[in-house]
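Common to both upcoming complexes is chain A, partnered first by chain B, then by chain C.
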Partner chain A sequence: MKSINKQKLADVLTQWSKGYAVMAPVDEGSAASFKKWEEGKEVQLDKNSTIPAKNIFFPQTEELYDYKAGKDSLELAEAIPIKDEMIVFGIRPCDLMSLEILDDLFLTRGYIDTYYKAKRDNAVIVSYLCGEPCRTCFCESMGIDYQKAEGADITMCFDGENFGFIAQTEKGENLLKEIDLLTEERDVKLSEKQELKLKADTEGLAEKLALMFEHPYWDSAYEKCIGCGACTYLCPTCHCFDINSHNRACGTGFKTRCWDSCMFPDYTLMAGGHNPRPTRKERFRNRFLHKLQQFPERYGKTACVGCGRCISKCPVNVDIVAIISQLKEVDINDQQGMDRVG
Partner chain B sequence: MINKAWTELVNPLYPKVCEVTRIIDETPDVKTFHVTSTKGKPFTPMPGQLAMLSMVNVGEGMFSVSYQGENHLEFAIKRVGMLTNALHEIEVGQKLAVRGAYGNGFPVDMMKGKDLLFIGGGIGLAPLRSLINHCVDNRDDFGKLHVIYGARTPADLCFKDDLFEYWPKQRDFQVDVTVDKGDDDWKGNVGFVPAYLEKLNPSPEGKITITCGPPIMIKFVLQSLAKMGYNDEEIITTLEMRMKCGVGKCGRCNIGSCYVCLDGPVFTLAQMNKMPNEY
Partner chain C sequence: MMNKMTDKAKEVARELLEKQEVDLVIGWERGTFEDKTAPLFMKKPEDVERLVINEYIVNSLATYMLHYKTHGGKIAIFVKGCDSRGIVRLIQDKQFTREKVYLIGVPCSGMKEVNENDEMVDSPKCDGCTHPNPVIYDVIIGEEVQPKNPENRFKVLEDDLNKVVEERWSSWASEYNKCIRCYACQRICPACNCRECIFVDQSQEWIERRVDETENGTYSLIRAYHIAGRCVECGECERSCPVGLPIMKLNKRIAKDIEDLFGPYEAGVDIEQNSPLGDFKYDDPEEFM
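What follows is the complex of A and B.
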């Protein structure tokens, strides 16, 4: 396979940067996230990025359109996303799977999200296959082989010394040709695959949860959650957004959308004061039902890729794997629960 | 990167510039706005569909279209929050950003040939009015029409011209109005809508019922209808939730697996019975 020594990684990225915006996981202080790579920036590949790759296609804040409002006038100008070709470098199989989930949301059901699509169409994916999984990884439970990357244009592996590249698509082949002069033929082997210790069994869970909306499980499960929303921001599949105005001088301004979180009370608060999800209990329940029941009902897949970010970053140890196992075990006919439903 | 050229790309989040051409004071806290674009109606909604209205520097909100003319859309809007307060201050000529139409609308085809019973309360008559006037405009497609409507006081009755002039003149069209609290001039019924409904006791035979109003009214209307023998499949209502995108992507308007902006806002009672009670 085509291979480079790790010392040459910057050369490869420099070469690709001539024709593409190369988005790579870069650690610039407290949290690694996918940013446009420039010479001198160190790529973090030894562990998964803190912020998932979703921000490449669905940025935390994104302009929708400009406006200029006068007394009896209004001008609008659509913000067309940059159409430059882009390389997404170093995305791991879990985050790659999350793109499939976001594709279902943004690109199907009658409405195609212009902003998401423009970026998605112009991306070449170079996926980094995992050597050693982390303590909080449970991607296998979500149907992911962490040493494969379906949907990638190139898969990349690392043996501690050398990177190996295998093209999976024509786009990928073309991209590898561009670095022909830098690569040499060499076999690069991933460390042997280990079985993940963390497991979540979601078999039959969506069907069970459809009958558990009123179950007393939710009366206590939410209690330690502080509603900070970190899990939703760090989740590669969470996709809720808000739309806001940013006013500048003289009636000008712009509309943006930004990541929102179902854990916040304002999220569902209506003008007039009514809130259908008024307490942390309803919001906590909504988050887990959405991932494990509602999204599967609508799109045929669980809205979780087992990346483990929400587990490792939750300040109060809310653990989706533990919750899944409790939900599997809980007695659906719990008497107290049935009384409440009745 | 801003492309200043108008694009034909269908971007579901990008609105059209419209102008307010007429403002009607309905009640002390409800106004109807006539909205049009330079090319006429910004779009042609089905009865019961929604539109996102925006004063760009204040905010945007989802409203049901209460009627559409040849060249304009109408929105009856109650003053409740930041955006609606700002809307109540505008004058004719104000430009708005409008996108839509969103949602499923009323199942008009399923209603053809049937008698229709409309039960409304307060501003809840706004979405019903789009369907009522659709029936008036296509009178031969529908059977008898019956509107039962109530508001807090006579001053709070919306669409008074329709209620007392236009609709009663139509063929096979009965209008019954009630108020929670009358005044010296009020000669009509005094009492809540559900009680008035039971008093009028319209037969469920061959009828589809469409109801919209404050949640507490809907709750008791549904109880009354059940008592009177109405079938859950033939009772229709519209729901509301906070919305941002209108196209089933931003997340917040879900009730269980349903997105109200996409799968609703119109649901039958039979459908609602299967949904979690979180709205």
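What follows is the complex of A and C.
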């Protein structure tokens, strides 16, 4: 396979940067997120990025249009969707699967999100297959083989010394041709697959949850949740957003869409003051029902890829794997007094 | 070793629930891994079986009292040194009365955690701890311990001593660029007890949801100034930050400035002592006015 030594990684990225915006997990000291790579920026590949790759296609803050309101007039200037050709470099199989989930949401059912689509259509995906999974990974339970990357244009593996590239599509082949002068033929082997520490079984869960909206399980499960948005913002599949006005002087301003979190008290707060999810309990329940029941009902797949970010970063150890196993165990008919199982 | 206290802790918690002296005991249970714990809410004597005391009980439970401040009954809560200071601050801010809580003191010899590189280390938040023993309690379940390195309280500020303002600002600007405004730092904080938080109520437009250096910096600085003199230096904000911002550096800077201006002061240590910023004395320094 085509291969380069790790010392040459920057050369490859420099070469690709000539024709593309290369989005790579840039190490920013205490966190890594997908940013446009420029010479001198450190790429973090040894562990998954802190912020998921969804940020490339569905940024936390995205401008939609500018406005200018006069006495009897209104001018709107729509932000033009970004159509630059880009390479998404180093995305792991879990985050890659999350793009399929976001595709369902943003591109199907009769509505196409032009901002998302423009970026998605113009991206060439170079996926980084996992050598050593983290202890919070449970991607296998979500149907992902962490050493395969379906939907990638190129798969990349690393043996500690060399990177190996295999083109999966024509787009990928063309991209590899561009670095022909830098690569050499060499076999690069991934370390052997390990058994993941965490496992979750979601078989039949969506059907069960459909009957559990009022179940007393939720009365205690949410108690430790402090209602921050870390889990939702770090989740590669969470996709709630709201539209915000940014008023500036003399009737001008602009609108953005920003990530929203169902953990926040003003999520779904209505103009009249009513909130259908008034306490942490309803908001906590919403997060899990959306991932494990509503999304599967609508799109036929669980809205979780098992990346484990929420488990490793939750300040109070709300653990989706533990919650899935408790939900599986709960007696659906026990409508009182069931505090918790497990 | 702290886990020796587990049996005593269970005994105390079970008795409180059996005798119905309280209707809730807040403690810790084992989390996803052996080195992780999660807050535990015990309502029945049998729930006590899940309680653990060890070197991983890193969460301050004080913040949960804000969730239960309108709860009718009495609540028992386990407190390490820093957590007890959080409780003192909340009582001083009249969030609830002293009678509402039964405090079970846990002398703390410092927490351990697994860091980003999967190594077991002493929790950074415990470095420079001045009060490992609870400063207020109804019962204590272990022998009091000596502070390990109280002289390190302001060590984190040393980095910045030789930096000029521009350098300090540019390093903070790059930190703020990382912030995702998940508000974990605010939600976990026992000093953050405003009934209506300006960051929660977006309709007031004090701050925009847009995430960038300006808005993130505004958030961070307002929060830092707002908890000035009320921060008990428990380090929960920094521990909770998913992108690893050095939030305590800002809080310690302000704590140090308060000491330099008004003399020795640590928030939440003495329930009778007002915060210098919440009090007025004729000899207060006024050179900034």
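Note that in this section the second predicted complex is superposed on the first by the 335 of 342 C-alpha atoms of A that agree within 3 Å, B and C clash if a C-alpha of one lies under 4 Å from a C-alpha of the other, contacts with A are read in each partner's own complex, and residues count from 1 in each chain.
Rule of thumb we're sticking to: contacts are C-beta pairs under 8 Å (C-beta built on N, C-alpha and C of every residue); 3 or more make two chains touch, one makes a residue touch a chain.
Small disclaimer: the values here were computed from a predicted structure and weren't measured.
Asker: Based on the superposition on chain A, does the combination of chain B and chain C result in a clash or a fit?
Answerer: Pair status: fit.
Asker: When the two structures are overlaid on chain A, which partner does A:Asp113 contact: first (chain B), second (chain C), both, or neither?
Answerer: In the superposed model, A:Asp113 contacts chain B only, not chain C.
Asker: With chain A as the corner point, what is the angle to chain B and chain C based on their C-alpha centres after superposing, as a multiple of 10 degrees?
Answerer: Reported to the nearest 10, the angle reads 90 degrees.
Asker: Kindly classify A:Lys255 by the partners it touches after superposition: chain B alone (first), chain C alone (second), both, or neither?
Answerer: first
Asker: With both complexes overlaid on chain A, does A:Asn174 touch chain B (first), chain C (second), both or neither?
Answerer: A:Asn174: touches no partner chain.
Asker: Name the contact category of A:Cys240: first (chain B only), second (chain C only), both, or neither.
Answerer: First partner only.
Asker: Once the structures are superposed on A, label A:Gln326 by its partner contacts, choosing first (chain B), second (chain C), both or neither.
Answerer: neither
Asker: One more residue to check, A:Leu64. First (chain B), second (chain C), both or neither?
Answerer: first
Asker: Using the touch definition from the top, say if A:Ala77 reaches chain B (first), chain C (second), both or neither.
Answerer: Once the two structures are laid over each other on A, A:Ala77 reaches chain B alone.
Asker: Nearest approach of chain B to chain C by C-alpha atoms in the superposition, in Å, rounded to an integer.
Answerer: Between chain B and chain C, the minimum C-alpha distance equals 8 Å.
Asker: Where on chain A do the contacts from chain B and from chain C line up?
Answerer: Overlap of chain B and chain C footprints on chain A: residues 242, 247, 260.
Asker: Tell me, which parts of chain C touch chain A in their complex?
Answerer: Listed in rising order, the residues are 31-33, 36-41, 43-44, 47, 59, 63-64, 67, 116, 118, 174, 177-178, 180-184, 186-188, 200-203, 205, 208-212, 236, 239-240, 242-246.
Asker: Please name which positions on chain A make contact with chain B in the complex.
Answerer: 64-67, 69, 72-82, 105-106, 109-115, 213-214, 239-243, 245, 247, 251, 253, 255, 257, 260, 262, 267-272, 274, 276-277, 282, 286, 289-290, 293-294, 297-298
Asker: Would you mind writing out the residues of chain A in touch with chain C in their complex?
Answerer: 28-31, 33, 47, 50-51, 60-61, 135-136, 197-198, 220, 223-224, 226-230, 232-234, 242, 244, 246-247, 256, 258-261, 264-266, 280, 311, 313, 315-319, 321-322, 339
Asker: Mind listing the chain B positions that touch chain A in their complex?
Answerer: 1-4, 6-7, 9-15, 17, 55-61, 80-84, 93-97, 215, 240-242, 244-245, 247-252, 254-257, 262, 276, 278-279
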